Amino acid sequence: MPKQLIKGNDALVKGAVLAGCRAFYGYPITPANEIAEAAAYYIPLAGGTFLQAESEVAAINMVYGAASAGIRAMTASSGPGISLMSEGISYIAGAELPCVVVNVMRGGPGLGNIAPEQSDYFQAVKGGGHGNYRCLVLAPATAQEMCDLTRLAFDLADKYRNPVFILADGYTGQMMEPVDFLTVDAHAQVTPEWAVDGTAETRKNLITSLYIHPDELEAHVRKLEAKYKRASEVETRWENYRTEDADVVFLGYGVVARILKSVVEMLRGRGIRAGLLRPITLFPFPSGEIRRLAKQAALFYVVEMSTGQMVEDVRLAVEGARPVEFYSRVGGNVPSAEEIFEKVLKTMEARAANSVEEVLSHA
Amino acid sequence: MPVTAMREDRGFIEINAQECKGCGLCVEACVQKVLHLSPHLNHYGYHPAEYDGRGCNGCGVCFYACPEPGAIRVFKAVA
Amino acid sequence: MPEMKQTHGKAQCFYDTYERKGELTHQTHYCPGCGHGISMKLLAEAIDELGIRDRVILVSPVGCSVFLYYYFDVGNVQVAHGRAPAVATGLKRARPDSIVISYQGDGDLAAIGSSEILHAANRGELITCLFANNAIYGMTGGQMAPTTLLGRKTTTTPFGRDKIKDGYPLHVSEVLSSLEAPVFVERVALGSTKQILAAKRAIRKAVETQVKGLGFSLVEILSPCPTIWKQDPVEAQKFVRETMAEVYPVSNKCDRTATAEPHPAPAPAPDLDELPRILKLPAAAPAGTAPRALREDLDCRIKIAGFGGQGVLLLGQLLAEAGMDDGLEVSWLPSYGPEMRSGTSNCHVRLASKPVDSPLVTKSSVLIALNEPSLDKFLEEVEPGGLVLYNGDEIPEDARRQDVTMRALPFFEIADEVGTAKAGNIVVLGALLEALPLLPAEIVDRAMARVVKGEKWLEIDRKAMERGRQAMNAVVSAVVSAVVSAVVSKEAHCHA
């Protein structure tokens, strides 16, 4: 099949349909509307349900219902809406239901604005809702990944019976790029054995996040904990870009990672051995790969469109072995490659009064 | 053991004393007034309802008054 | 002694013993005299009588009835406080053959879940809701509910519920029956044997409404809570019968079962091999063209800017579509966020031999400025040696650079000559490709045929394209060699 030039948001929906998603419940919010609009068109044609709910609170609970019945279900929103969904996501994690939640991030806090930010990293990666749970978090950077990671998200959601986030940004959603849909095989949904679908076979099943006795809840929470540990061992994904000999390793995800690739090229043009580690999964986080690179690199440089969220995980992974510098733009401003390039040069100069090369020679 | 129905009765009931919480709603509801709360405590510490042993007409009112799913079984004479 | 036969006993759809409860598995967890047990029994009888146990999905709320799944041998889903109608919506729509019954208390349904129940009812969801109204928060220990009667003392209305401060008791059944969608709404009570038997009939009818596919049904059940009310069970029953029913009239509020049409069955899902067609995935690969010398290290960064309605985005998309067909790596990024203010519109297009890193064009090799503000804003970021096409008769004097090739053409006036100024963006495309032969004409034409909707428009656009080429050719024929270096050279992007 030839490639199709398509917006990331549309690629995500087509990927979801090919992944077997047959239930989409959402509530309008910019900049995630196009996902709901495409879902409203395609999912009913594929034999599924699209419903515009009365709120994000209702939407995520409708997802809870569809997931309980064993249907691949999703929703899409942006920061303020995800905040409202956080209750339901906690229940979904607690009840061990699979679902996919897309956050096309916008500026916050509060109403913020509709421009791209990456300030919902904590919300997605560290919790958002109450209790001992984690969400798996995937961060696409291309339209192709909007499709492919959505398929992966549904598989991971089923595999771990857990909500999976697609943490996207407005650029990745709005951008058109060629997408090869052949990489996605259509998924034939089979009712999972734990589901409650209104048949004699599943009549004995129970979906709940309630464990009234402390020992039972502890056992349940330990089970979730073990699940997240297992996911951390086998599901971590990242992309290395020219890190094999890198003295300076950049870290960024989503559209920022794309910009950082340009920065890497610009620095290489100046004779500085730069590389990029792009986390594809934000939880689990590629801490092991960061630790490995910390043995070779002299400097880590994290760029985010937040005041510093992922950088905390990078610092935890580096464990003080190497300096971790940070640069950010927020409010909907997207850092340009040129701007980062200049900042990096200045940072490197500031770190050593003499020369960049001298800093690097300390590696 | 089921209470033996008297010849003139058109029904009788069985009360599962271990299921009963002694709320007394069946005693209140009984049209024939043939139920009472036992002076004895059941396994859980309630005074369970008891059938007097005679006078039941099998109307079933006590069954619907009772909040427990299976504490009362009602038997009625086949016409 | 006459032959005796059991006429009333535990419903089939209750478990024999309540193993999920863990302890005291022969009894419910309810307090003595609680109305929930009676409501459960009435529901269980309806399920048995209608023969639907295998199809039932029971949605348990948060509150004293949270543990319905201890008792009901049906599919069970326990949900968050107030959200039962939303979850029930997701369940029912996922499994239209199931019978989805939610059970909620007054805090759950009438306070925190008031939005969910209102909208589920208003959508006419094919679900059945049982609403136990005991006018108090039982599970949390006796706080005021939205249905608490005026003057009643609760732990959070220690001086009695005050209509000025706390508002009035909420009449849920009356509110919901004022909607158009609900098919069956009735308020019943558990205050006497007679009321209980009426409740049994209403609950059965409500479930039957769903079984017949007629629409949304709800039964509000005025229910005693002896423990929190601090009354004995008999007094509490009397309170339901005499005091609650005064405030909450016990009657049918809405019954459209005689006239409601069953909802149509959902259409069968298409086969998976239908999906490529449904998703409008491309059917056949376009034939590629042989790589040309220009493409070896092509890295063309194009910024197109103008005002909304000039076709900025489509122009960029056509370049990206044709580039993709020609085997290039491409990206297209529209103006987004704060840039969209003031009616301006721009897009970033990259056509490259290697995978596109940043889709943002912040240093352009080609700038297409369709108005003067766009030229002013973006001229600075054009790479030395780059190309600027400007929509106008001449380049404004204060916006001239010697290190880039700048050409002005009245694209939209030219388009007027082929019939409509709307084709001005295609005139630009023709002019650009004439100045800079990035893409073969037949590839561009094929992309245009795919993207442009309607034969009439395609004809106009083809003429516009040709006029654009001619106009540029008349202006300059030597542009190509001047700008080719800008789009092929890696040096152009190396800021050393």
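Read from first to last, the chains carry the letters A, B and C; within each, the first residue is number 1.
Keep in mind that, in the parts below, contacts are C-beta pairs under 8 Å (C-beta built on N, C-alpha and C of every residue); 3 or more make two chains touch, one makes a residue touch a chain.
This is a predicted model, so every value here is computed, not measured.
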Contact distance in steps, from subunit A to subunit B: 2
Of all other chains, the one whose Cα centre sits farthest from subunit C: B
By count of C-beta pairs in contact, the leading pair of chains: A-C
Interchain centroid distance [CA atoms averaged], subunit A/subunit B, Å: 62
Inter-chain centre distance, subunit B versus subunit C - centres from mean C-alpha coordinates, in Å: 54
Chain centre separation in whole Å, for subunit C relative to subunit A (CA means): 19
Of subunit A, residues touching subunit C in the complex: 1-5, 14, 17-18, 22-23, 25, 31, 42, 45-49, 51, 53-55, 57-59, 61-71, 73, 87-88, 91, 95, 113-116, 170-171, 174-178, 181, 186, 188, 196-200, 202-210, 213, 255, 258-259, 261-262, 265-266, 269-270, 332, 334, 336-338, 341
Subunit C residues within the subunit A interface of the complex: 20, 22, 53-57, 60, 66, 69, 73-80, 83, 86-95, 97-100, 115-116, 118-119, 266-270, 272-273, 275-276, 278-279, 281-282, 284-286, 317, 320-321, 324, 329-334, 336-338, 356-360, 362-363, 493-496
List of subunit C residues in touch with subunit B within their complex: 1-11, 14, 24, 26-28, 30-38, 40-42, 44, 71, 193, 196-197, 200, 226, 232-234, 237
Subunit B residues within the subunit C interface of the complex: 5-7, 10-12, 16, 18-19, 21-25, 28-29, 44, 46, 58, 60-61, 63-70, 72-78
